[in-house]
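In the two complexes that follow, chain A is the common piece, with chain B as its partner first and chain C second.
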Partner chain A sequence: MTSTGKLGDTVAANDHGRCPSTGPFINIINNSEAYYSSALIAKVRRHVDPEEGYFLMVPGDFNSLAVVNKVNVALVRNGHVRRVTAVMPADEYPAYFAANVLGASVALTGGGSSIPVPPAVALHEAVLYAPRYDVARSVSWLSTDMPLSRKARLVPWDTKGRTWFADILGWCVLHLPWGAGLRRYVADPLFYFFSPVVRLNFALSGGAGYVLDLDPTTHADYATQEYYVPTDKFGAFRATLAAVIARYRVDALNVTVQYSPAETGSMMPWAKTNVFAFCVTYRKSGDPTTWSQELIDDAIALGGSFDLASQMDIASTDEILAAYPGTTDFLAHKFRYDNLYRFHNALVDKLCPVEFYNAAEDVRRGNIEREDALFKSFVDLKAEAHQIDLYHLTGVKSLSEIPERRILLGRISKANEALLEAYQADMKTELQVSDLKARHIPDYLVRAFERE
Partner chain B sequence: MDNGIEPYEIDIRTTDQRCNELAGAMLDLAERNWGRWRGDPAGGAPSFDDPIAAAAYHAMSDEIAKAGEKMDGDMKAMDRILPMARFNFR
Partner chain C sequence: MAKTVFHHSLSLVVTLAWAPILLTEATAQPAQAYEPYVETTKAWGPDGLVDKPIPTITFAGPWQSRASFFGRKEIRVVSLVDTADAEVDEVNGNADISASMPWRTVVQLMDMHDLSVALVPRDLDRKVGGHGGRKRSR
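What follows is the complex of A and B.
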């Protein structure tokens, strides 16, 4: 997860950045507008429609529920920020973070503009150094009134704004066999020796480091994975991470840690509590499934989760269900609002392959046809009853008509009872559950169809 | 699947069943009092000679009218949900 990216992707993945007070993107969305395949347009205002479910459905849906047309997000002023760093044993990092970052990341007051200034600690992350990942470097960008040491508003996109010095350091760290040691003892102390003052946007747009923002879309040899663990489980997961990387000889170039407060409202929350996000950037070599799954299982066992965007193909369905308990509700909403099953992605296709959906559709169609037939016979009888004004008897002309009317009443009553029974038994649900199970559809999908 | 209208559907069917019972009771009343009531050619309520039978008829007629209003209310409530429920294969 990065601080820069396309807005649509960021909403779809409910991405996060380095701002310790913000967390998942959903936390800063005020309003949103989304188009559903069922022609529904959902306009939702967070503070006006707190109970409105649509808002909760879209961020983090990986574009499988709706097309997001507009989002209105909370901004902060593009103020000045100054970089400060500190190196410490990794196990001391949570205490350092709590004292120096979390306590200071409250919003500052300051004036003149309706746009709030950034928090005192505007951006923060920590780097864990290879090979044992037992030493952490905290990198914070603090809000300041000091004059800028670099005037540029943004890092140029094409060059990432790196100097030749940073380029050389980056190349050495990435490609030399002793790159990890070089980074920890030489490159980083040199790189972080200075404490530049830049605009917030500049710091966000790629000027933070020289190996920290490897972008898998532009570096085909690298990939990233991310694991989220509750803040009090930092030490336990760090130890497992270091052991797994060593045991499987993972060519991990970079491990960074970012903080995220719990998120409010998304259907597939990755930050169920306040979490530390461990982002592992590694050079692709071999199949990462084994070691990734080991880390995924450990994160889940510690009450955390993992990044669906980067590990969708690696994680098993059981792991997805364990890390994201809202999956069943998410699928139920998917079936309800994308009822033509138009929006697909790897997540949806993995959780609910088209053949399962089609099987459910067959069952559903059969149920609807049965219910419609019941209803049609009932409506026909009622029409007949109304024609002779049965309820008010104004049309009764002779005693001989009464038995016929009783027969008609009896038929109406029987049809009514059949309908009532169907509704009371929730025919569409009950029949479908048994029928779905008969077609070997997994339990979590049956529950999703049931809740739809 | 729970689309929010099932409670109203059940309520309507239950109320309708009560209407059927009342209609049956009215047929019983008409049969028991045969020859002692006259229909209204204009389509209005029949008039009974026996005031007790008349009161019973009107009580049942009123209950049917109230049941009709209740069903109207349930249908309006369903209409309010229907734009949502319509997306649910309805």
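What follows is the complex of A and C.
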């Protein structure tokens, strides 16, 4: 069994969870520490300077601008939560959500602690049932003062509370011809029949959800894609999603819907307004590009976006620019804070084509050659001065009285200055806009470069 | 045809067989709440910090960061910090947490203080990443 989800991954992707009131992870970060490429040159010197906007660049940058080291996050009390579910036609879900989740309130005592209690609806998501995705099951964990029905503090890590017959159940739901119907009419009603009261951490550690946890051995065969659409466009996107999944016979195992309020602060916000996130989990078979791009285009047309982390390879550059208008700013900051292009990744590689790196590399190589030549002349001058010193060492009282030696020292000084300038030029990587245009670099990249 | 008939027959049998089992499952209590976390070699467990070295920042997903140190040689960023650690401020309700700490450990550590992080990913084990079916090369 592997478990590789790390806090840094969540920060880098600015991921979200099931808490409807917090939204993207950036919303709960108080401050952060990150290493920038310049710090790496300076033998890992930390930059922590919110005044200059460093902090805001890190969440959601996919480790392109800086590598996050430590984050300070907000905490809530590990209060009691009670699970409540409801089944409804999918088109009625937004109204249900507005009334019962956004409009929910709870009066809990603070117990004298300054740490806040969990929100009224601590966790919430909805499952859309295959094959038509026109029925939704809302699953909410509500804050409560009721006594616990389960005393355990956390779900066991290894089994996630499953037993052997749950594995059989999972196999049936996932592999049998009418597993979807089985889940909707038999398994889920039984599974959600009770309303347990547990601690918040117990609910949080419960895993990926009912169906996916049932078959963990084949997790590697699954992938997820996520689409974010404004809350008032829920119905339109749901219809498109159902049609695309049916048309392309996508082996979708699970479609869940979560809510996120708009975020502020990150350079590449995926929740520009209040959005519903449609998370599609599917079995990997064939190339998902065609159907994914159709959904991406639809989400963009509705004023939404898509998950860069999972669709970085699939989305075209135009789609990324349309869904993330901050891309140009992001690249401008990339050029400013990582001007030697030390941090590479799939996103940067996609947005900055090979020609751009080649241009930077050419300049860098030219700088290195210039540095090498200057260093050689500098060493030669020093050797020459040393020879003069040796020659006159016994015959002259003071070496400073030798005219050619004075001239030589002046040349050494100038060579030293030139060498330092060359080093600095290497640091700056003096790319020119004209160079980029001559190499047919895309306009958005040139604009970002000029803005830097 | 025979395969379809076999599948449908098997589905029917399993459906009829599992209903009482499901009821048992829905009311089952986990046998043990805590399992020491041992994926990395240094982490928080129910008895405190397990003293072993830990691999440091590693990046899952398609953007695995690489860095070319000193402008010459490109290597992966894997050793920026030495330990995964966390410092919890129980008075003001916040915590400094190393980015290299797995989410499972974060939840377990917060639970020891009877606190929760205000936002936790839906799947603690999730590798944030893409389809993974295509390789890019530069």
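Of note:
Going forward, the second predicted complex is superposed on the first by the 333 of 452 C-alpha atoms of A that agree within 3 Å, B and C clash if a C-alpha of one lies under 4 Å from a C-alpha of the other, contacts with A are read in each partner's own complex, and residues count from 1 in each chain.
The working rule: a residue touches a chain if its C-beta (ideal position, glycine included) is under 8 Å from a C-beta of that chain, and two chains touch if they have at least 3 such contacts.
Just so you know, these numbers come straight off a predicted model, no measurement behind them.
By the touch criterion stated above, A:A277 is placed in contact with neither chain B nor chain C. Of the two partner chains placed by superposition, only chain C is touched by A:I28; chain B is not. With both complexes placed on chain A, chain A has more residues touched by C than by the other of chain B and chain C. Shared-chain residue A:L154: touches chain C; no touch with chain B. By the touch criterion defined above, A:F449 lies against chain B but remains apart from chain C after alignment on the C-alpha atoms of chain A. In the overlay built on the shared chain, the residue A:I296 is in contact with neither chain B nor chain C. In the superposition on chain A, contact is made by A:N416 with chain B only, not with chain C. Shared contact residues of chain A with chain B and chain C: 40, 364, 426. Per the touch definition, chain C reaches chain A in the complex via residues 4, 7-8, 10-11, 14-15, 18-19, 21-35, 37, 39, 57-71, 74, 77, 80-81, 88, 90-104, 106-108, 110-111, 114-134, 136, 138.
For chain A in complex with chain C, the touching residues are 2-13, 15-19, 22, 25, 27-28, 30, 35, 37, 40-41, 44, 62-64, 67-78, 114-116, 118, 125, 150, 152-159, 161, 163, 165-166, 168-169, 172, 176-179, 182, 186-187, 190-191, 193-194, 199-201, 204-205, 207-209, 212, 219, 223-225, 256, 258, 279, 284, 287-288, 309-314, 340-350, 354, 357, 364, 426. Chain contact summary for the complex, chain A toward chain B: residues 36, 38, 40, 336-337, 339, 364, 368, 389-397, 399, 402, 405-406, 409, 412-413, 416-417, 419-420, 423-424, 426, 428-429, 432, 449-452. Only residues 1-2, 6, 9-10, 13-14, 16-17, 19-20, 22-24, 26-27, 30-31, 34, 39-40, 43-46, 61, 64, 87-89 of chain B touch chain A when the two sit together in their complex.
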